[in-house]
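You will see subunit A twice below: alongside subunit B first, and alongside subunit C after that.
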Partner chain A sequence: MAVANSSQYIDAYAQTFADLSEQSVAWLKQQRADALEQFTSTGFPAARDEEWRYTQISALAKTLFLPAQHSASIAVDAEWLKNYQLADAWSIVLVDGFFSAELSVLDGLPAGVVVSSLAQALAEPASAALLTDKLNQAVNFDENGFVAFNSAYFADGVWVHIPAKQVLAKPIQIVHVATQSAVAINTRTVIVADEQSEAQLIETFVGLEGAYVSVAIAEVFVGQNADVTLYKVQVESEKALHFGGTYVKQARDARFRHDNFALGGLLARSDVHTDLDQASECELNGLYLGVKRQHIDNHTRINHLKPHGISRELYKGVLDDKARGVFQGRVVVAEDAQKTDSQMNNRNLLLSNDAEADTKPQLEIYADDVKCGHGVTVGQLDEKSIFYLQSRCVDEETARNMLTFAFANEMVDKVKIKSLHDVILGQVLLRFPQEGIDKEWL
Partner chain B sequence: MSASTQEINNLINQEYKQGFVTELETTTFLPGLDEDVIAKLSKIKNEPEFMLEYRLKAFRHWQTMKSPEWAFVKFDPIDYQSISYYSAPKRKEDGPKSLDEIDPQVLEAYKKLGIPLDEQERLAGVAVDAVFDSVSVATTFKGKLKDAGVIFCPISEALRDHPELIKEYLGSVVPISDNYFAALNAAVFTDGSFVYIPKGVRCPMELSTYFRINAANTGQFERTLIIADEGSHVSYLEGCTAPMRDENQLHAAVVELVAMKDAVIKYSTVQNWYPGDKNGLGGIYNFVTKRADCRGENSKVSWTQVETGSAITWKYPSCVLTGDNSVGEFYSVALTNNYQQADTGTKMIHIGKNTRSTIVSKGISAGKAQNTYRGLVKVLKSAENARNYTQCDSLLVGDQCGAHTFPYIEVKQPSAQVEHEATTSKISEDQLFFCQQRGLSAEDAVSMIVNGFCKEVFKELPMEFAVEAQALLGLSLEGSVG
Partner chain C sequence: MLSIKNLHVSVGDKPILKGINLEIKPGEIHAIMGPNGSGKSTLSHILSGKSGYTVTEGSATYQGKDLLDMPPEIRAREGVFLAFQYPVEIPGVSNVYLLKAALNSIRKHHGQSEVDAMDFLTLVKGKVRLLEMDEKFLYRAVNEGFSGGEKKRNEILQMAILEPKLCILDETDSGLDIDALKIVSEGVNSLRSPDRSFVMVTHYQRLLDYIKPDFVHVLAHGQIVKSGGPELALELEEKGYSWLEDAEASA
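Up next is the complex of A and B:
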């Protein structure tokens, strides 16, 4: 018996599912069938689900988003794309969820490094064999309805493999471009960084005007003593719905950093989960800016499974107009994970009477020799700081703009790739009153 | 295991000293719950007609509800038909008029608990309402309080003597449909305390209720209602204990506080229900709804709790800050050991302008216990300049226990300032070493550190309770020192 909010999708996607199933190798066919079964029984998450308490997804029930179709006729303006596509990175572009060879720039990848379409990788026996113990291994279908939905219906995505000891000189950028309206774009990304490798990756989500839904699930495997930084820049269209999930498995001594910029979309939800092995470290940073009627939801979960893990987390939110920001950060320290050191912070700035911030930091601790803490604040700009600037002949409005910008810019400044930093800075400035912010200083 | 861990364990592993059973002749209902039982209960209590209707309405609503499952506690489903809903010491025809008529066994029981009901004997300054299973057996200093205009009596008496106050206030803070256990309580509550402080009166002494579960296979469903009228002031203390038994017993209470303009209510609890044995057998399920409504401007409600007992504690003393400039406070120490589970915290709902709330929660978890702080701070759009400060600290003793923090913060007003901080750690070897190196024994050092950890909360307790609370944490050190 299908759940009400999902049954229309199961019916409408029946043909898609049959086609995808047809193309899949045996193990993948089985995974898709299991995922569909899970999706049929649970459907999309509902408000009674504690993890979705503050985020209602009734929009998915109101409109039926059909699967995006692969169409060669859709042209993406390469010049326009340059606003987002970095010149100094290898980049792979997905248009409406399908690999576009023309737009991708993958020349000069070091030998052994693979960046390719996931559909192509699954079609070739050699690479498909590599994916058997990766796909759906960092996340279960029962994690939530979107993961099950994605696992059952994804058509394409990205496969990145960085071999052992490989240190990449340039970042790899994955650009998701949405051009159509009223469609669901289902992509799956699998990133494997073998032991002692080092890589910086960027996931960029951009869209034209359309009202579409983007379901993007990524699985990241960071090998022993490897170092991976993943930036996520979400600037979907104003009418879009975005449901993103990044599920990470860190091996021993692995380092993982995730910088999450949630700027676009009408309703955007992002989940970042990471499992830490012995002495592995993770750093999760996030910035969410909500204007107009945006609803931006960020969930993170850090699972310390083994001793000596270190985690640091800082999420900042600025909410204006009628925007609503949601943050949930959960840190779980398992019984074995002694000597864990974890610190989480969430800071929210409310700029308007109609804005809302809901935040839920959580600590779940089963070991005794640990140092864990979290801090949360919700408030407005410090009156003393405004007064200080006013006493230096800065008018009040400018002072407010400067302080708001400075609050957000702390996160932008953490970005280590110059070209990416500039793209993000531009996007952040677009969403702020800019009066008084001298760009020469930045 | 290091020497210092040993000391901590000594400190935490105290025997339950209130676990005795009093042999008594009692009037006890047969187990089971239906509308007839409720009618019988209402009749035996001599309640006015409207109360029976109120109870039945609650009961019918309760039947449509499901037992909540969101809390971080685990227990087998409760069979509500196997519980007896009324048990009282057998009394003479009209009930006791004076202390002489109270069953000497009951008096003895309270004496053992250190709660003398004899006004001459006791320390002056605290009036006690003693609730034994389903009934209130004695209320002291009634006369003196009456002179001040204060009404302090068992709630069953208030139902008969002050129906107008009951009609106006009962269920006005915690409505019958509020939650599963509150609905059950509204249907079957048996006794509890009722306090009314008239306008401008500062209650001349501390008021206190001592709850004792004695009978087996019963549930205690108490109901407390405190109304502080304009400009009044009251400090109320609550204590509770139960015998050691292998079965779990249910205690589902509802406490409602109403603070009018400029009124101040201070509510302190030392909860020491039987926590079950070392293997997690037996103990009380303490599922309690406590809520205060700061209705008037400048009113203030302060909850202080020391939670050491119960197999499962599930309670969130809350403040609805309706009046402008009203203040809500919550100070809590929750200690769990062995297989105890506690899911406790508070809710602060900011509605009025310039409302302020402070939350200080200290959790100590030992053995295989799970200790959870769960709290909600909600600032509505109307609550301009609301201010909240929350601090939750957890101390872990042993590697098999858990400490969890689940705060919920919802803010719809930009001028609000909300801060939340939480830390979790164990007693640091450095601190212990520092104390020992200055000549303190290891156990004194541990005691000092644990008490220091809880100090912010203990200093909020009235003097008698502060002593009791420190003793509860520190008792086992006796005899091992010197």
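Up next is the complex of A and C:
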């Protein structure tokens, strides 16, 4: 069996790198070169790295995933896409990592709001200038091998700029569609919400049948007193690998909420990191559902850097069959971050004896006047609750389904955008036995 | 309606019910009283099908069928209802959802079609008014964050909507304030009918002032040590249980 290591990836990507490098402005060319140097020295993350201990990335070594090529948007059935693309949002669609003007719906964006292809933005001096102090600023490519890989080789992505005081009337949705197989789809997203702006954004990852790898790195800058909610709906193909990273910088008084629905992929990992400035607040929610042999990893990191920050985190996992879920949540409170108020929770529901949940909350507190708590549970359905439902005429299987659904639905119910809520609800119900669950009654 | 014969039940190696005999005819109300730990809830649970108990001897026949052989949900669909001493909180499942699921399961069991959405709401809202509850309770998760008294009232709401044949009320009166006790009792009384029977477990005569039983039984140490009419409850109120236990010990 052919085994691909990082150096084989570097060889296979040499031409791509040369082309991308040539198209890049000087500072970006330098960043790509530095990222490649980093990737050359470290390669993809290894299991010996504590942060990657639970993530088996051997699938990357079994297949050499070549760079995804720009494919005609025709490969995507617009009708099918409507299952995911919201009618009441502005949407920008990437097909196999490349901007598709045909599928995107961006009419009527308020003046000054920019939602565009990242490649196009980098090709124009005015917008490229705005990106110089953003790209690779919320995350550095020494973060991990995937960030380095992405920084060296990303071809396109999304650039969103919301000017100061702008309050968006509709959400902005970024739809990533994968149509190819045996390829790596490398995208980079940069979202900047200037001071006092308010926006809701959605990143949706959806794929056809293919066995591909999606490496999606997003950087989010939430300006002073701005309010950003970002939903991530990951429903990749069941053969796909997904390595996603969302790296956030919150300015003073900024509010950031992230709702992470990790439902698809054979192996899916999501990292969400946020840095909080003085009196900024973040809320991280997550729901991961694993069936069959899915492996779903969630890693979060909340850095309280300054005083009076508030963070709330709740991740819930439901694992059936031989699925495995991992939650690694780290909260770091810097010496300077007095009066931090932080609460982290992770709850896991195991539906089969072969399912597994690994949960690892980590608190690192260097300040002395803080309120920090965490709680984790791994358990099965409560027998008392099952009997109570049975005594109310519900058969055991339906009772189990109702309780499972109710457990997961707590996270779905937090989604206040009706159309998005319905898409997510549909996706959750698709993955779990529905017998006895009547959507109309909810 | 229900015929319990020489019923012996254990948890693990521990015998809890030690030969219960009880005959309940349609339309009758039986009160069961007795000291803490005597086995009243165990009897309620065994009749509604909770697992974890072993029947070592005896039988329970409900409407001519072997009750102990039926899964809990079939008993419920056949008309057995237990109002729990400690109702369970079910986060994420709304009251109205559970009521609809329950009602439709019963209808399906009897070969009827699903209840019409409008009829359902009319029915449910009527019962909510009967029990003087706030309609908001319908849309809250089952018992989640309900006060003790609200939980008990919610049990009776479910009972009123599902219209069971055999209603087992395990200490429904405990935790109810005086006004609530009156409202709940009126709710129960409104359900009285010639073909519906009640088993009411209680510690207090007060409840029996509102809902007059036909029979009162005293359960002690897993056995019915005395049965009588409503006057027995008054006697118990006055004398407690010790005279019965003494009599039992000397017997």
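Heads up, the rule we're going with is that the second predicted complex is superposed on the first by the 436 of 442 C-alpha atoms of A that agree within 3 Å, B and C clash if a C-alpha of one lies under 4 Å from a C-alpha of the other, contacts with A are read in each partner's own complex, and residues count from 1 in each chain.
Just so we're on the same page, contacts are C-beta pairs under 8 Å (C-beta built on N, C-alpha and C of every residue); 3 or more make two chains touch, one makes a residue touch a chain.
Fair warning: this is a prediction, and the values are worked out from it, not measured in the lab.
Contacts of A:406 after superposition: subunit C is touched, whereas subunit B is not reached. Touched residues of subunit A were counted for both subunit B and subunit C, and B has more of them.
Contact with subunit C, but none with subunit B, is seen for A:388 once the two complexes are overlaid on the shared chain. In the superposition on chain A, contact of A:76 is made with neither subunit B nor subunit C. In the superposed model, A:218 lies in contact with neither subunit B nor subunit C. By the touch criterion defined above, A:193 reaches neither subunit B nor subunit C.
Of the two partner chains placed by superposition, only subunit B is touched by A:371; subunit C is not.
In the superposition on chain A, A:363 contacts subunit B only, with no contact to subunit C. In the superposition on chain A, no subunit A position is in contact with subunit B in one complex as well as with subunit C in the other.
Residue ranges of subunit C in contact with subunit A, taken from their complex: 48-51, 71-73, 76-77, 81-82, 84, 87-88, 90-94, 96-98, 100-103, 105-106, 109, 141, 158, 162. Residues 70, 379, 381, 394, 396-426 of subunit B are the ones that touch subunit A when the two sit in their complex. For subunit A in complex with subunit B, the touching residues are 50, 54, 335, 338, 348, 350-380. Here subunit A touches subunit C in the complex through residues 383-385, 387-396, 398, 402-403, 405-407, 409-410, 436, 438, 441-442, going by the rule given at the top.
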